[in-house]
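Shared chain: chain A. Partners: chain B in the first complex, chain C in the second.
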Partner chain A sequence: MHFDFKKNYRIDIRLIKRGNQAFWYGLLLLGLLLAPAVLPKYFVAQMTFILIYSVIGAGLVVLTGVTGLVSLGHAAFVAVGAYAQAILMARGVPLLVSLALSGALAAMLGLVVGLPALRLRGLYLAIATFSFGFIVEILVSHWESMTGGNSGLSVPTPTLWGVAVTGALFYYLCLVVLVLCLLLVLNVLRSPTGRALRAIRDSEVSAQSMGVNLALLKTYSFVLSAALAGLGGALYAHVMTYLSPEQFGLNLSIELLMMVVIGGVVWLQGAVLGAVFVIALPQAIAVIKDYLPPAIGQQTGLQPIVFGLVILFFVLVEPTGLYGRWIKVRTYLELFPLCPGSVFVRERHFLRTERLK
Partner chain B sequence: MTLLRAEHLTVRFGGLVAVKDVSFSVESGQIFCIIGPNGAGKTTLFNLFSRIYAPSAGRMLLDGVDFTTLPPHRIAQLGIARTFQNLELFDHATVLENLLVGRHRFRRHGFLAETGFDQVVWQAELESRRAVENIIDFLDLHRFRDTRVGALPYGVRKVIELGRALCSQPRLLLLDEPSSGLNAEESEDIGYWILDIKRHFGITVLMIEHDMRLMGQVSDRVLALNEGSVLAEGSVQEVQSHPQVIEAYLGVQA
Partner chain C sequence: MQIVISGLAVGCVYGLIALGFVLIYKATETVNFAQGELMMIGAYFAYTMAELWHWPFLLSVLLAILATALVGAAIERVLLRPIEGEPTIAVIMVTLAIGMIARGVASAMPGWGTDTHHLRVPYQGGLVDLFQARLSMEHIVIVCSTAGLCLALFYFFRAAKLGLAMRAVSQNQLAAYYIGIPVSGTNARVWALSGGIAAVAGILMAPITFVHINMGSVGVMAIPAAVIGGFGSIPGAVAGGLILGLCESLAGLYLPEGFKDAAPHVLVLLVLMIKPSGLFADQIRKKV
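Then we have the complex of A and B:
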């Protein structure tokens, strides 16, 4: 058990709040840095995927978990980032510049989508973003001169100062991008803007009456989220090496949304945990398959079913996701044996009929 | 000096006229109380002042500045803060965070500065925190500082909403039934706080109140509404003894 003695206000604002946090995150970073040296190539490739998904997930956490806006069209931002990256690189734009441009292009699209989406909420927003994702998918498959249409588009090998950035090097590039993105988002979340976004999620009327410009901040949330998705997409293009429109359909949007819900949609850590889960699960299923009776193991569609069950489990039983569960376990261990069961009882919610009357 | 001025305000919802040609003025430094039976249009008036609704006719001025068509998020900037009859808190955030949102109108830096969290942002955050801690001291909320608001009892949540409005350092504070749902002891506390808000912070208070005792304890001036129109305006005694007010409340001819 520990106590926090807060001696000044800075402690509450700092990113690292306790010494042991610095230790564990430092250890994690060290592990990630050493990974390519000790792990087989295949693992490093999978971890690269996790890093990329985490970048995209961080954006979804901002939009969905923090601001409370659901997007079923996030694959479109990923697609724009990925195609922009492929097209820019093919025209000789340097790697880092084209990464930034791809993210910026997706951000601009986020602005275009964010503005009309301002008046929508919940299911209506989900439908609107879904349609947007669909439109982008169709545009990509029909704009053949740029995107290669349904026959696809190959992505040039990235180079930085004349060195081909592949394998372990590309893994490090993704790691740097992820760390920078997480720091940026953490800064936003601890600033007045972050608080305003959470305020919008919980009560739009009172956020507004405290001076929060709903239109501006919701748009900002869309733009930031789209930029991260675009940046993730740009990195994704290099892992895929070959792009085609169906990679960026509704499936991907749902997979991304599932990822953050499973991980714990209100925490950035949740985005990363969710990414680990979404990448690791198909591998786990592939391994387990061989041990299952053939009637089950050889079924087609085993993976979507398992995914569906997992998401159902989280929505019904653990809406705070993996990270929420971890926080509970950690609290329990820290307080042991003084922890009464009532600590984990879900909060009561007050009825909110007649909100303004 | 007149702080708030409502001139011939009218609000229609379809066929229903919720507020009918209401005019009044709140003097600076006053505690001004609006009373009236349920459905009289009191909350609708507040929603006009916070620009959630637009009046069908009439205009409103704060310190001579017409804000009838100001966008709702600019109202805080103008110096008006409010609480809600049925609590509109940020349930998933801590008490501290809720109060800090009250400081949003003092945000001076842009999005870019925030992504880097530079010194300017740091200083602004520390300053916000100091201001919020003053309100925490004032309302005695230390125990709950890091608790999630959704988990707190109703009485405390009510105080937090008051605190959040105070954090924006308003010139005019709108309180919608500050004592509803509270027990006698809690509503007595609220009464003292309202008086202190006027005395120590010099904030003008416009409040809606059902509890006649609390109303009598704090009000400098009272306005009685019924079915959207003004019945009477004056001191506590004048309004309480007004025959039409008694009739509206008791439903009998006085």
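Then we have the complex of A and C:
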């Protein structure tokens, strides 16, 4: 059991809350650094996917978990990042520069889409991004001179200072990008901006009356998350090595949202846990399929049903996600014999109407 | 003329699905992203009864509408009522998940599968000459039944007790509760109504697009219809659907290939930019 003695205000916003936190995250980082040396190639490739999804997920946590906005078109930003990366690399732009440019391009598009929609209530952003996602998908499949259309576009092998960045090296690149992105987001979230974003989520009216510029900060959060999605997309392009429009449809947007909801939408750790879950679930289904009776195992609809049921389970039963569950377990263990059952009772929510009366 | 009528017919289907969106939005302030899947389920029910079990066509249509309405009410009761008041993301995820499960289950059902099915209708293939244009019977049936349904709904919301209750709930839930309207029950009935309308749309669409598990993607086009008409306006939804259907068929005629699919979504972004409450929204401003 530990006690927080708050001796000054900075304690509330410091990056490392407790001493043992630094130790455990350091250990995790060490494990991640050693992983390519120990694990087989296949696992390293899957872990690269997890790192990339986590970059995108970090953006979604800022947008959905912290600001309370929903985007149904994040796949479009991933697509923009991925295609920009492929095209820039083919034109001979250095890897790091084109990574930054891809993220910036996605951010600019986010600004264009978000600016009109963000003056409105939350649901409209979901619809505007939904439409935007379709427009980008159609544009990508028809702008053949640039994107290769439906026949696809191959991505050049990334090189950095003359060394081909593939396999384990690419894994390290993704790891560095992820750590930098997480630090960036953590620092945004503990700054006044981050607190303002949380205030917007909890109540727009009261945030506004405290002097929060709603449109500006919502746009900020949307652009940040679009930039991270673009960056993630740029890395994604190199893993896929071959891009085609149907990879970036509504399904990817849903998968990304599902990832943050499953992990726990309010926490950055949740984005990473969700990424692990989303990457591991199809593999788990593929493994379990063999043990099921063929009447069930051979169904094509098995995967969407499982995905749908998992979403329903998390939204209805475990809305705080995997990381929320972990916090509950941890609190229970810390308080062990004394933990009252009423600590984790779910708050009853009521419909908060945004309707004009 | 032919193109206008076929555009209107497609627009009617969009309008009907958009109507389902708007009804649910007005009642519960959520968007049901599974509306297209409800439509698919309705079409499949009709197909099962009429084609697999060889029941009379009209009977199976009526039963399919009823069954889909029940499915809609069940979804509200079981899945959405527990998360009332949760953030937007929760509701969006639940309705998306319902859509995924519905598609998965439909592809796994014996007799449904992933194939494309044909629902035979009595008015199949008929042609009518009208004003020097040759119109197909399917399109005329769609336009007429949508018009009929809209009239019926108009009277339902004007005169019927339940319709009045729904309007009251959608305007002010608390006040509706105080005067003795069972608000939760009314919400379930709204879902049933919108499920029934989706089934009608599915059955009308069946002779043109056939019955298959990705039928629900029409629902994707109906969201723009609802936005264009204004998310809070019932006549607006139908009008938005008609505008969209016309735009689409005309864009298919005059613009290069590909623009047809993108046009409605571009229109949505424009509407959101210029007149976010939609073209036919109720003019209400908050007074402080």
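Simple rule for what comes next: the second predicted complex is superposed on the first by the 342 of 357 C-alpha atoms of A that agree within 3 Å, B and C clash if a C-alpha of one lies under 4 Å from a C-alpha of the other, contacts with A are read in each partner's own complex, and residues count from 1 in each chain.
In this section, a contact is a pair of C-beta atoms (placed from the backbone, for glycine too) under 8 Å apart; a residue touches a chain by one contact, two chains touch by 3 or more.
Since this is a predicted model, take the numbers as computed values, not measurements.
S.K.: Could you say whether A:Phe307 touches chain B, chain C, both of them, or neither, answering first, second, both or neither?
M.R.: second
S.K.: Look at the residues of chain A and decide whether chain B or chain C touches more of them.
M.R.: Larger number of chain A residues touched: C.
S.K.: For A:Leu184, is the partner it touches chain B (first), chain C (second), both, or none of the two (neither)?
M.R.: A:Leu184: touches chain B, not chain C.
S.K.: Let me test your reading of the model: by the given contact rule, A:Val163 touches which partner, first (chain B), second (chain C), both or neither?
M.R.: Neither chain B nor chain C is touched by A:Val163.
S.K.: Between chain B (first) and chain C (second), which, if any, makes contact with A:Val261: first, second, both or neither?
M.R.: Second partner only, chain C.
S.K.: Quick check for you: in the superposed arrangement, does A:Val70 touch first (chain B), second (chain C), both or neither?
M.R.: Once the two structures are laid over each other on A, A:Val70 reaches chain C alone.
S.K.: Looking at A:Val205, would you say it contacts chain B, chain C, both, or neither? Reply first, second, both or neither.
M.R.: A:Val205 sits against chain B, while chain C stays out of touch.
S.K.: First (chain B), second (chain C), both or neither: which does A:Val38 touch?
M.R.: In the superposition, A:Val38 touches no partner, neither chain B nor chain C.
S.K.: Residue overlap on chain A between the chain B contact set and the chain C contact set?
M.R.: Overlap of chain B and chain C footprints on chain A: residues 201, 349-350, 352, 354-357.
S.K.: Which positions of chain C touch chain A when the two form their complex?
M.R.: 28-29, 31, 79, 82-90, 92-94, 96-101, 103-108, 114, 172-173, 220, 223-224, 227, 231, 257-258, 261-262, 264-266, 268-269, 272-273, 276, 284-286
S.K.: So in the complex, the part of chain A that touches chain B is made up of which residues?
M.R.: Residue list for chain A touching chain B: 9-10, 12-13, 184, 187-188, 190-196, 198-199, 201-203, 205-214, 220, 266, 347-350, 352, 354-357.
S.K.: Can you list the residues on chain B that touch chain A in the complex?
M.R.: Residues 43, 47, 50, 52, 71-77, 81-82, 84-93, 96-97, 100-105, 107, 111, 114-117, 121-122, 124-126, 128-130, 133, 148, 150-151, 154, 164, 168.
S.K.: Which positions of chain A touch chain C when the two form their complex?
M.R.: Counting only chain A, the residues touching chain C are 64, 68, 70, 72, 113, 116-117, 119-120, 122-124, 126-128, 130-132, 134-135, 138-139, 141-142, 201, 250, 254, 257-258, 261, 265, 299-305, 307-309, 311-312, 315-316, 319, 349-357.
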